[in-house]
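Residue numbering begins at 1 within each chain, and the chains themselves are lettered A, B, C and D in the order written.
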Amino acid sequence: MKIIIESDFGSMSETAKNILLGHMTEAKRVNLSITGGNTPVKVYEKMVTAVKDSPNYDNVHYYNFDEIPVEGQKEGITISDLRRLYLTPAGISEENIHPLTPENYAEQDVSLEAVGGLDAMLIGLGKDGHFCGNMPGTTAFNKLTYKVTVTGEESWFVPEMMEKGMSFVTMGPVSVMRVKHLILIVNGSEKAEMVRRVLTGPVSEDVPASILQLHPNLTVILDKEAAAALDK
Amino acid sequence: MKIIIESDFGSMSETAKNILLGHMTEAKRVNLSITGGNTPVKVYEKMVTAVKDSPNYDNVHYYNFDEIPVEGQKEGITISDLRRLYLTPAGISEENIHPLTPENYAEQDVSLEAVGGLDAMLIGLGKDGHFCGNMPGTTAFNKLTYKVTVTGEESWFVPEMMEKGMSFVTMGPVSVMRVKHLILIVNGSEKAEMVRRVLTGPVSEDVPASILQLHPNLTVILDKEAAAALDK
Amino acid sequence: MKIIIESDFGSMSETAKNILLGHMTEAKRVNLSITGGNTPVKVYEKMVTAVKDSPNYDNVHYYNFDEIPVEGQKEGITISDLRRLYLTPAGISEENIHPLTPENYAEQDVSLEAVGGLDAMLIGLGKDGHFCGNMPGTTAFNKLTYKVTVTGEESWFVPEMMEKGMSFVTMGPVSVMRVKHLILIVNGSEKAEMVRRVLTGPVSEDVPASILQLHPNLTVILDKEAAAALDK
Amino acid sequence: MKIIIESDFGSMSETAKNILLGHMTEAKRVNLSITGGNTPVKVYEKMVTAVKDSPNYDNVHYYNFDEIPVEGQKEGITISDLRRLYLTPAGISEENIHPLTPENYAEQDVSLEAVGGLDAMLIGLGKDGHFCGNMPGTTAFNKLTYKVTVTGEESWFVPEMMEKGMSFVTMGPVSVMRVKHLILIVNGSEKAEMVRRVLTGPVSEDVPASILQLHPNLTVILDKEAAAALDK
């Protein structure tokens, strides 16, 4: 594991962008899996500047690693997020976008193997220790890509925002361990204690992201606040 | 994970030997970590035939992944075993042998990184689910190479064979996950149930080898008997 | 470059088989490109024994690297050769066989990139220094997969066997340099002098295989006779 | 080969810096070989900003790929250049700096293999088609690291600047082909024609850099002017 501590959100985003561009400039098909949410917003802003209208990055293919379908909508929350934040403003061609969906999730691991695997994955960390859709209480470490149906008993169930019986799909811990380079970005003091647990505490399904300690090529980029609980 | 089921001990050993020779013939420095014990006996017999007195394999360096020191003996049980079974009959030059010892274990992970990491590791499986020296009750998944001091309370403590206060060193789960190709060999019906648990059951520190399910490049070679409890 | 000198044709074939099986046992999709001709006959005999009727090698995909179409025949000389020597007796499933043809050659490099590239390629050496279909007089080192139309002026033109205007396709030097592991097998005293030129002489398009000296992971397996002109 | 065309020298430098930082952030020992000269000046300015006083990049080791000794000076021109432009202002620790010298050049390829090889190399292009110290008239494609003694007959001999009998050392074409990722940066219209020849012309020792067309992972970063002679 390599931990990079940056002074602030901007520097964290700059470094994450550089790592991704580093992969994207290799002379081969490059398969990237990238995260939605708030943490990467500035990463994508910076990437759009580099990639927009450029023929230089036609070799890069994009995958999402989890998806929450929305009734009555053609596409789910994650890929919609990625389109809005990055894929559309960067002008990524549709044939380079490979959405994970509730329909195709069971073939996701085989599909990825058939294109040579994922070169890099950008992920965030939940305050509750989740990564991708691997949530406390519904994660088993020996899972490939899988589907979760929400029962309402989960610690993270929010009645106003979720419905019992809804479901989502996510790449599992085994799938994520196959990625050649894992880039975890975390910012903000409210996640500092979870960063400490995830990076230095016991490896346990109760703290799903703790499994990432076992990845052979994990780069963690933190701002100072997220790093505050780590030993110096 | 790739599971290869062979008809018997001989075929299992033949296939394991082929995989190792496959690595050893690459045009680069090749770093191998290999196991002692009874399971690989025939693998080494076959390898000796191929390697003995051959200048073809000077590029291969050997590491042991655990060690039990013996009082009054210059070298421990594992490396002595490896010398007897393989290194000496194969005529491996001393400068290609890199013993792990109680004295140097704390530098093992850094030393391995400095030579480009381990290309392959051959391991066996204990009936109690251990791999390398990662034993039930003394294994934490987030360990690099570490030292265990025996208390006598361990489930695997055998008073006739062990002494309280004795200690051994082993590469930990994090170290093993860094190996580029992991080859697990298991034979015999008495390990069949543990093979099933390790390869298909929950990932738990109580069954240390269950973590191997998460390795991105694990080849398991079983004889029919060891594979008997797996679903067909 | 790593040179392995074996005592005879049988040992050369055994070692080549081991290297290929080493790749085939990795826990991923494995893309192999293999050669027709006489040199690999015993390699394939041995591989058939290991692979036949085995579900263990479903992850391996096969490619030919050159092809000579035959009028009135559905398939060309190389793939027909490979079917007879290996693919059919080994019971390889049709969906794991990817013939290169005069129709699809222009897409070959892109197709290979889309599946993660070739993991290994087994090649032979011509007495005239050719490799794959890269012949003296028609080879440019900067070629991807390409088509050659025979003029009758070539040094290797044999009027009884060839017709002016016939054509063949072959992966070019650039394509071959992209293969992760290159395995060159050569036997027999009549190729000894060419082995010396190819492995130690100047790099020149007149001796197409001389370019292989620049491959970062080339394993050469020779019998004693083919190695006779090399310095000891 | 992947060609990236940037609008100007600044953007070219920015992209090159990103690629290098991408490598440097991997969770492993990273071995970089970097170039002196004028082309990378801005790359290093930008890298100094990211790396200076940062504990984040202790895993990166630096190598130079050629060296011209200077009489009466402890260190040669290239490493002195690199110290001035990057290593000193970035505060790189002496133990991470591995100078190539006329004294150690014969062991350079073995030394690099022993640390796992070079992960990336940043190189420039000479107007005469040279790369590293591989000059027209003194380059053989089948060379590892070697020494050149200047005769005064070379096309690039400049009497005011060089002396007959002086010598320099350089990694050769075979050494450079072993680098996992090659990054070639070129700017300015005066090199545009040579860029065209090197990237699209015949592969010939008269234009040493033409061999780079055969590298399996070459990224070329050009400003618009250097790209002007390439077909659109």
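To be clear about the criterion, contacts are C-beta pairs under 8 Å (C-beta built on N, C-alpha and C of every residue); 3 or more make two chains touch, one makes a residue touch a chain.
Model, not experiment: these values are computed from the prediction.
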item: Steps needed, at fewest, to go from chain B to chain D via touching chains; value: 1
item: Chains touching both chain A and chain B, listed by label; value: C, D
item: Chain at maximum distance from chain C, centres defined as averaged CA atoms; value: A
item: More contacts between chains, A-D or C-D; value: A-D
item: Whole-Å gap between the CA centroids of chain A and chain C; value: 41
item: Whole-Å separation of chain centres (CA-atom averages), chain A against chain D; value: 35
item: Separation of mean Cα positions, chain D and chain C [Å, integer]; value: 33
item: Touching two or more other chains - residues of chain C; value: 28, 216
item: Residues of chain D touching chain B in the complex; value: 28-29, 113-117
item: Chain C to chain D touching residues, read off their complex; value: 140-142, 173-174, 177-178, 200-203, 205, 210-211, 213-216
item: Contact footprint of chain A on chain D as seen in their complex; value: 1-5, 15, 17-23, 25-28, 50, 56, 59, 181, 183, 216-219, 221
